[in-house]
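The following blocks contain the structures, represented as structure tokens.
First chain A sits with chain B, and in the next complex the same chain sits with chain C.
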Partner chain A sequence: MAAAAPALLRPYLAVFAGRFLQMLQYRAAAIAGFATQCWWGATKIMIYAAFYATAPQAAGALSLPQVITYTWLAQALLVLAPWNGDPDVALAVRTGAVSFDRVRPVDAYAWRYAAAAAWITARAVPRAALMFALAGVALPLLGLGAWSWQAPADLSAAALFVPSLALAVALSSAFVMLINVCVVATLTDRGINTLMMPLAIIFTGNLLPLQLFPDWARTALFLQPFAGVFDIPFRIYFGQLAGASAALGLALQLGWTAVLAAAGWLWLQRVMRRLQVQGG
Partner chain B sequence: MGPIRLLGRYFRASVHAQAQYPGSLAMLSLGAFVANFVDVIAIAALFARFGQVKGWTFGEVAMFYGVVSVAFAFADFLSRGFDVLGTEFIRTGAFDRLLLRPRSLTVQLVGHDPRLSRVGRLAQGLAALALATVALKFRWDASAVALAAWTVLGGVALFSGIFMLQATLAFWTVESLEVANLLTYGGVQAAQFPLSLYAEWFRGVLIFIVPLGCVAYFPVVGLLGRHDPLGAPDWFLPLAPAAGFAFLAAALAVWRVGVRHYTSTGS
Partner chain C sequence: MPQILVEELSKTYRVAERDPGLGGAVRGLFARRWRTIEALKGVSFSLEQGELLGFIGPNGAGKSTTIKILSGILEPTAGRCEVDGLTPWTSRVRHVARIGVVFGQRTQLWWDLPVIEGFDLLRDIYRVPQADYVRTRDELTALLRIEGLLRQPVRQLSLGQRMRCEIAAAMLHSPPLLFLDEPTIGLDAPSKLAVREFVQRLNRERGVTVILTTHDMHDIEALAQRVIVIGKGAILADGPFTDLREGVLAERRLMADFTGEAPALELPGVRTIARQGRALELAFDPKAIAAADLIARIAADHPLADVRVEEPPIEEVIARFYDLHGAGEG
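After this line comes the complex of A and B, so read on.
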């Protein structure tokens, strides 16, 4: 049995590794993405600083250095925001290659999930490394420490951030899989991608830290599934969620991942039974 | 067939094609409006928390945002062909076909796949202008309308110029470069807020290198009837959008060099 488990997992690990290495090849895309994210991050930070300078007492739970760190983190990990389906799936739907998913001797959901997780991770790693080098290392060295990406609150925050980030990738992959299934069902990726983008941008906390939204919305924003992608891991990073509340945050991430993955798996079974194939 | 009628044909065919996926189109139209409206949500949330920002109110920022969004919506609608030139024309060799047709290259590219979803961005820009009008109790007299229209025209020229430069790069790189998104989407992002919020080096980029400030910030300050806190003289404010046309002229010249440089990638 112990030997059977790795054998069972092997195709999924293989597709993860293959996709990961493939996505790492797109160096120009990574550099372009990094440049865009620097611009975005710098713009946002200057705007936050202007607001904070105008009315510092209104800021609430997040301090300006935290908002700055939040912005760099969110830009570094931008590709975790689940606003697009996997372009490979859209291509497979367009060409009709999606029909091969029915004949592979593996679980179609798990296979595509592993590919989606690799697609996200492989794009995140180089961008995050570049962003950290710039905002975490270069800015303080240039004497711009006030604008830099700062370290986690303490050691336990750092230790909890690691599993929380892993869960963020798992959760984001489950979202991407829901989008993928929708692409297979509707035969095009344009509609669902356009619809998901605003949801993902607002509710992950990419647009604006969720804590800067009005206070009456706080609980609802914390409990909704997108919060697990940015908001919860970043609050753990700042030490705002520690001990029991950090456990709650991690549980929310895990719970939503399970719910979304189950929903995606069931939906894919249905779609695959009556699969429409186009192309030729 | 004249260029205007030809463009009409292109647009009709494209709209018809996009209507073949009704489920997707419904999500797309709704999504495009909401997608572009998220920025307004962020701005509103920030003002709800902080009240105002360095003397600017929500209504004023909505005016900056609305003007630049409307301009970008038009430019984006007209520039799709330039936006995807690398991936859809040069890499595939389809650009050769455009060159062979006895019609203007620009008309063919402007007519390529104009996306209906841009109507969503336009609607969102107009909604931001409506918000600004209500919040400021703004009176749209003839001179205000004329200044706003002139500002939008300058913005369309500037953004079209940026798309054109991005396309020109593709003659060398073959791919469409995402880096230009910095100046298009990133430009819209930056120009939503008054330039006086930004650091000096960033303002310099937005005024002298890519004159986004000239097609949004300066004329809108004039439109709002304020004096520029950065110290630009009042007479300059309504003239600033001309910089957009100068940029487009420069971009066209560069584009021509690119077209001359073009060598086909083959079949």
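After this line comes the complex of A and C, so read on.
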């Protein structure tokens, strides 16, 4: 399989596959993560239900079934929120194994980007599958359809959601790479992870759908880069972005991915040039 | 034309410094003080294809910095360096495709994956054709006796097992040049011997050029035809190890056991190192007095039970050399 891939891409596909398989090994982490995300999801849904019951005017932006589906989607795909760097990078910086990034005949950014994309995807797939089984299948079967994860608005929304989700992974990987480069530059992952946590939770729309923010903030929130991780793909899922506006959403995701990746690539070049490897 | 050419290589970097205590910590928040460290000060040498070069020197002398520049990890502050016509830090990707690197204190295999999957990954990174890969991998695993380890995750290997796997990993793409940075550090005796034997075969049978740094002088004695001693960022000596020994500590040791109590001897050019019971250890300069003459003169007056002539231990030679050049760590 790998042999058939274009020679240029071979190392990057290999590291994606390797990291993907490696991450799938951590079953306990997946189950623990799933349990936490169920708990948080259920809590948030109850809060929304109470809120919508007392403030029906909120339903203008998202109906209660939509906000419930939004919550399940966001919990299922939580690991897409770029709030920490790849722990492998922090470990490589601590142990000095990051020097090996310089002796591999590959582009160090592309290499780590492929690993980051695999790190995100491999954690997202089992969690999303479990979440869908629970919220999309089990809840309706138990007669709790009102609280369930509902299907996309229509076929074209479903068809557009797939590339948008792929772009969300690409964008999230580019964010994670910026964090990774920062870890290499500052030699620790503590500072940047602490800084990114609130930004990623709020501006992706994970804490609260961006459409529920005040009107005056919405355009800016839609255009900022974090929106491409959850807000844009979910609006496409609900059919709120369709046709030309869906194309704009996808373009925003793609554009931000390119901008962040270019910034990360340039920054990594600089950091690597003044890299100092102590001891040994 | 030499395979490796290094001219006037130097590397300086800055480290932040502060005074101890709270006052120093607070001042450090506002005004950083920097100290410039000269890791390398004008290092020059050249190396032919197929040589096996040992780099020795105290901690912090610049051995690893040199290796890291030659392997493309670090960029020097000044100087020229060509490996097979390529400058490592400007043609990094092309350069590193043709070298193998082992760092004794770090690992390039994936900690959580079985060894064989780490090897497969390296095959794809170096874009090695499958048939070549299988042949090289099987040869390496047989030579290093790691067939039984391939399916174990790296984290479950002992240090000796892991190091043999690391060396195999570095050679999977059959590079003509191998860098070994302290490959035997922390290893037990059988593992050290296995590593040395393998490196020797690579060098002799396949003509792989090897550059090795180590603190284990037995590595040097067993492997290196040529030794560069580096201290405080500069080359102190460059040549065969025997020359180094002659220049620093030409003396020989005579260990003599007597049938009775060992006598106190006063002979020109001879120094007593230890005298205890029936045993006597002498140091002598073979140019001033030949070993045979010395033994004959002792035997003439005192009945000898046994006698051995040895060279001083290699560690002592090197320690003496560092002292002479003021190269000790400081």
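Here is the rule we use: the second predicted complex is superposed on the first by the 270 of 280 C-alpha atoms of A that agree within 3 Å, B and C clash if a C-alpha of one lies under 4 Å from a C-alpha of the other, contacts with A are read in each partner's own complex, and residues count from 1 in each chain.
The rule is simple: a contact is a pair of C-beta atoms (placed from the backbone, for glycine too) under 8 Å apart; a residue touches a chain by one contact, two chains touch by 3 or more.
Since we're looking at a predicted model, the values are computed, not measured.
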item: Side-by-side fit of chain B and chain C on chain A, or clash; value: fit
item: Partner chain(s) touched by A:G239 [first = chain B, second = chain C, both, neither]; value: neither
item: Which of chain B and chain C A:P152 touches, first, second, both or neither; value: neither
item: Larger contact residue set on chain A - chain B or chain C; value: B
item: Inter-chain angle, chain B to chain C through the CA centre of chain A, in degrees rounded to a multiple of 10; value: 90
item: First (chain B), second (chain C), both or neither touched by A:Q22; value: second
item: Which of chain B and chain C A:G60 touches, first, second, both or neither; value: first
item: Partner chain(s) touched by A:G191 [first = chain B, second = chain C, both, neither]; value: first
item: First, second, both or neither for A:P163, with chain B first and chain C second; value: neither
item: Partner chain(s) touched by A:G136 [first = chain B, second = chain C, both, neither]; value: neither
item: Superposition-derived minimum Cα distance between chain C and chain B (Å); value: 7
item: Those residues of chain A which chain B touches in one complex and chain C touches in the other; value: none
item: Partner chain B, residues of chain A touching it in the complex; value: 28-29, 32-33, 35-36, 39-40, 42-43, 46-47, 50-55, 58-60, 186-188, 190-192, 194-198, 201-202, 207-208, 212-214
item: Residues of chain B touching chain A in the complex; value: 21, 23-28, 30-32, 34-35, 37-39, 41-42, 45-46, 48-54, 117, 175, 177-179, 181-182, 186, 189-190, 193, 197-199, 202
item: Chain A residues touching chain C - in the complex, by the definition given at the top; value: 2-3, 7, 10-11, 13-15, 18, 21-22, 25, 95-97, 99-100, 102-107, 273, 275-277, 279-280
item: List of chain C residues in touch with chain A within their complex; value: 13, 64, 68, 71-75, 92-94, 96-97, 99, 101, 103-108, 110, 112-113, 117, 120-121, 124-127, 130, 181-182
